[in-house]
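Please go over the structures that come below.
First subunit A sits with subunit B, and in the next complex the same chain sits with subunit C.
The block that comes next holds the complex of A and B.
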């Protein structure tokens, strides 16, 4: 009788614990809601480090919702180059050639300015994760002293740059602390560590992170946000060819 | 418009530029940059010998930064060729324009670049500058960035759809500055301003494909029969999309009103291309590209040029063959890229190939090296035994 009672208590406790732990999908949704303001304007820079030193690229980025973004590079060498993302379409504008190139297919994986970020990485961020991946709670682990859930993502189809990803999500703040990105073969392609966050209007936006392309030797790219505005008002046609070629 | 200056004039221009540079920091709403490009080249001179030459260009750019609605740029190139001879510098206005965005349209005035059609090397839709010639060197990282004096209106009618109208006045035909005072040159001649080119294009997207159609009334094109009495009509269409591979297709005609049928047959141009990139794990990205230029009304049988000079001249103007191919293989990873490309003339089975290396080693600094050679018999369009038949170029570019 005592054994049955003890078993019942354990079952009840386990059920209560399970009820407190949100599902992987719920964690992803909360993380996206926490880190993606409806509209934003960001000034930042990328510092790419390799064996010869650091190269810096500065930019201004505008975003609306999860699928519209425009990045304009402001550093001397790349001045005037722009990247526009509108849904699944991505366009790159080169001012000297006066040419807009629509990037499709595998070209989205090209490196941006020789950095460890690809065009996909730069323009999608955490965009619509559950549209492209199934999520699974794989356990818990501490990252830089913060208790995190580990969420495993597996691609729903072939049109994503990484077949699987592991995201460490801070249990208290509901923001990602680090991300590992893998190929179909299981090979680790990239790692991203988020080191600082910017708190603004209730959002926690990653403001300093380091991306390492594991396919390159001795290379990493630091991504810094210097200034950020939320609740920015964009005209109806802001994310268009007109703005891209302006 | 290119102005060649004498030494005193060059010195005066240099002093003016220095003054301009000194004043620029006072203007808060602009940004100044300088790009210095320096190259040294050795090439076969066609007489079993080797010639050496050098080229240095400094580009001063001043760009407005104060307004999102009004944009201006002035960029001036100063080029000194042949390091050994110390000739006077060549000044050329690379860009000089004002672009204003009104609520419904954008206006551009000045020397600017508009990019029509699709294609990296061959682009029949590029009616404003022409992207079917074989003259651009294969060893350049940007094949075509020419600009023209123009007035253009851009009218968007959708997120990725627009109409663009352009008028392009003729250039000066002799220097407007003289070597000695009085300046400007009293003997300068100009084309008739009524000989202005004018064109229109419409661009839209549907079914994952970009559609572009346009027309240029071209006074400039002497080859196609433009005369004092009038120019030629140049309609074109251009498509670009993705289906397993990136692809583009353009077709253009040049029609002389005095003989529309024959000029259409002779000048019909079709360009097409496919491209794809591969991302092998642990290896550089591999890019493949193949473009072609087809001119059905041109020669499909090989001509044997009488001399190397004749073949050289044919290359510089418009070679008469009906088919040319541009293959390219690139390897890129991080800050370095290696590009192998070529031009192949299947009609006479001759061609040229280049190996280009680029390395962005430090902030703003790019090192370049290129080796190119021609492969073909003496009478072919590309021949191994002519001036420039083999060449090696080393250089550096620095932006600050």
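The block that comes next holds the complex of A and C.
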């Protein structure tokens, strides 16, 4: 009788513990909801470090939801260049070319302004992570003293830049702390470490992160957000590719 | 009777055989003249292409540029190219000077991006340096200060543009940022270098400096029309650079460029010499074979002259003289005919463009054989010596045969 009672207690405790640990999908959903304000305007800079030194690029970016974003570069060398993401489409505008170009195919793998970010890294579109990947809770690990879940993502189809990803999600804040991105072969392609978050209107937006393209030797790109505004109103045509040249 | 007269009489008596031997030697000598002239032409061609379109006779670059060349290090340029170019022109009056920027670029097309290699050049200077006007096959040269581009045939075909169309290029800037710019196609030039014609475009230096945010810098300054190896000029320029404090740039004679084209040229020369040797040996085999056949056929005749009292030494000498005269006549006819064939081809050229398609070397599609007295004398002497010596072995053997056995032979 005692044994049956003990087994019942263990079973109940395990069930309670399982109920406290959200599923991988739930963690991803909460993380996404927490980091994407409805509209935003951000001023920031990218610092790319490689064997030849550091290169700084400043920009202003505008976003509406998860499917519309516009980055306008403000540093002297790139002044006036723009990158527009509208759903799955990516457009680039170069003032010197005087035309807007839709990036597609192999060009999407090109580096953005010589950084460790590729255009492909910016084309997740309006789909959430779970639209493209299956998620699996792989365990827990501490990253920079923060207790994190490790979520493994595996692509559902071929139309994603990385076949698998591992995301370390902060258990307390439900934000990602670190992401490893892999090729189909299992080769590590990129790592991203989020070092700081900016809290605004209940959202936690990554304000300082480092991306490393493992295909480049001694290269990393620091991404800094200097200033951020939420609840920004945009005109109906603000995110139109026809507006880029204006 | 003197052996010389006897040798001539033998040649006349066996006229058909003499003509056959002479023809074989003449054909071999003709082929030698043509092939050696062709090889000399190819060597000249490689040297001219390297100097005119790649390195000049002297090349000035940033000291670190070569080390990182594969990474397109535009920031390792010659900073104040105007001052450097002026200094070069003052130091080397009469030299042709070509400042340029070489950079990779992707051409944006609707469905794909096409890889290309760009050159920002001063077209006024290139008219002299590369004889650019002579290379035009369509349209005209771009004007400095304009957003115009000159394509090579490969790019012209691959992009499917026509004159007046605009192409958009993506590239990296000096600060390792990105930029895109559009240029209007105004002309097509065909270079004598096949690899150049595949993916190269040329645009005004001043516009490329702006688009690549280069300021007044260039990636290299090339110099031509100085002494052959460029070494003295390079040393003179390096002295000037040192005095002016331009310690980050160095001038090199084209033969001293490390891991560069001179090494390639030396390798090519060895390959050509090897090819020449093979042809020489093949030709020599034909000559030796013909001469030996003729002597073996005449064993009975050897027996007759031996029976009449001619010594072995005299027999060898007789056959040697006969072979020598035939060789001299054959070689002479061969080098004359070879020269007659080669001289006009040296002007017209031998079109090998289809055969060279896809070969990425500094060799032109059209080869111009270069005939020289050196080749003519070398081939004449070689053919004569080989053919004459070839008679020694069989005639010595024949001279040792018992006259009775020789007379019995068929």
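A few points about this structure:
Throughout what follows, the second predicted complex is superposed on the first by the 238 of 246 C-alpha atoms of A that agree within 3 Å, B and C clash if a C-alpha of one lies under 4 Å from a C-alpha of the other, contacts with A are read in each partner's own complex, and residues count from 1 in each chain.
In this text, a residue touches a chain if its C-beta (ideal position, glycine included) is under 8 Å from a C-beta of that chain, and two chains touch if they have at least 3 such contacts.
Note that the structure is predicted; figures quoted are calculated from it, not measured.
Because the two structures share subunit A, they can be overlaid on it, and in that overlay subunit B clashes with subunit C. By the touch criterion stated above, A:77 is placed in contact with subunit B and with subunit C alike.
Of the two partner chains, subunit C is the only one that A:92 touches; subunit B does not reach it. Number of subunit A residues touched is higher for B, counting subunit B against subunit C. Shared-chain residue A:242: touches subunit B; no touch with subunit C.
With both structures placed on the common chain, the touch criterion links A:40 to neither subunit B nor subunit C. By the touch criterion stated above, A:107 is placed in contact with subunit B and with subunit C alike. Of the two partner chains placed around the shared chain by superposition, subunit B is the only one that A:187 touches, whereas subunit C remains out of contact. Applying the stated contact rule after C-alpha superposition, one finds that A:178 touches neither subunit B nor subunit C. When both complexes are overlaid on chain A, the residue A:55 reaches subunit B and subunit C alike. Shared-chain residue A:69: touches no atom of subunit B or subunit C. With the complexes overlaid on chain A C-alpha atoms, the stretch of subunit B that clashes with subunit C is 37-45, out of 37-45, 91-99 or 199-207. Subunit A residues in contact with subunit B (one complex) as well as with subunit C (other complex) are 48, 50, 52, 55, 77, 96-99, 105-107, 110-111, 114. For subunit A in complex with subunit B, the residues that touch the partner chain are 48, 50, 52-56, 76-77, 79-80, 86, 89, 91, 96-100, 102, 104-107, 109-111, 114, 183, 185, 187, 189, 215-216, 219, 237, 239-242, 245-246. Subunit A contributes residues 48, 50, 52, 55, 57, 75, 77-78, 81, 92, 94, 96-99, 101, 105-107, 110-114 to its touches with subunit C in the complex.
Interface of subunit C with subunit A (complex): residues 68, 73, 75, 106, 108, 111-113, 168-170, 172-173, 175-182, 211, 213. By the touch criterion stated above, subunit B contacts subunit A in their complex at residues 31, 33, 63, 68, 71, 99, 101, 106, 112-115, 142, 144-145, 154, 156, 158-162, 203, 210, 240-242, 244-246, 276-279, 281-283, 285, 332-335, 360-364, 399-400.
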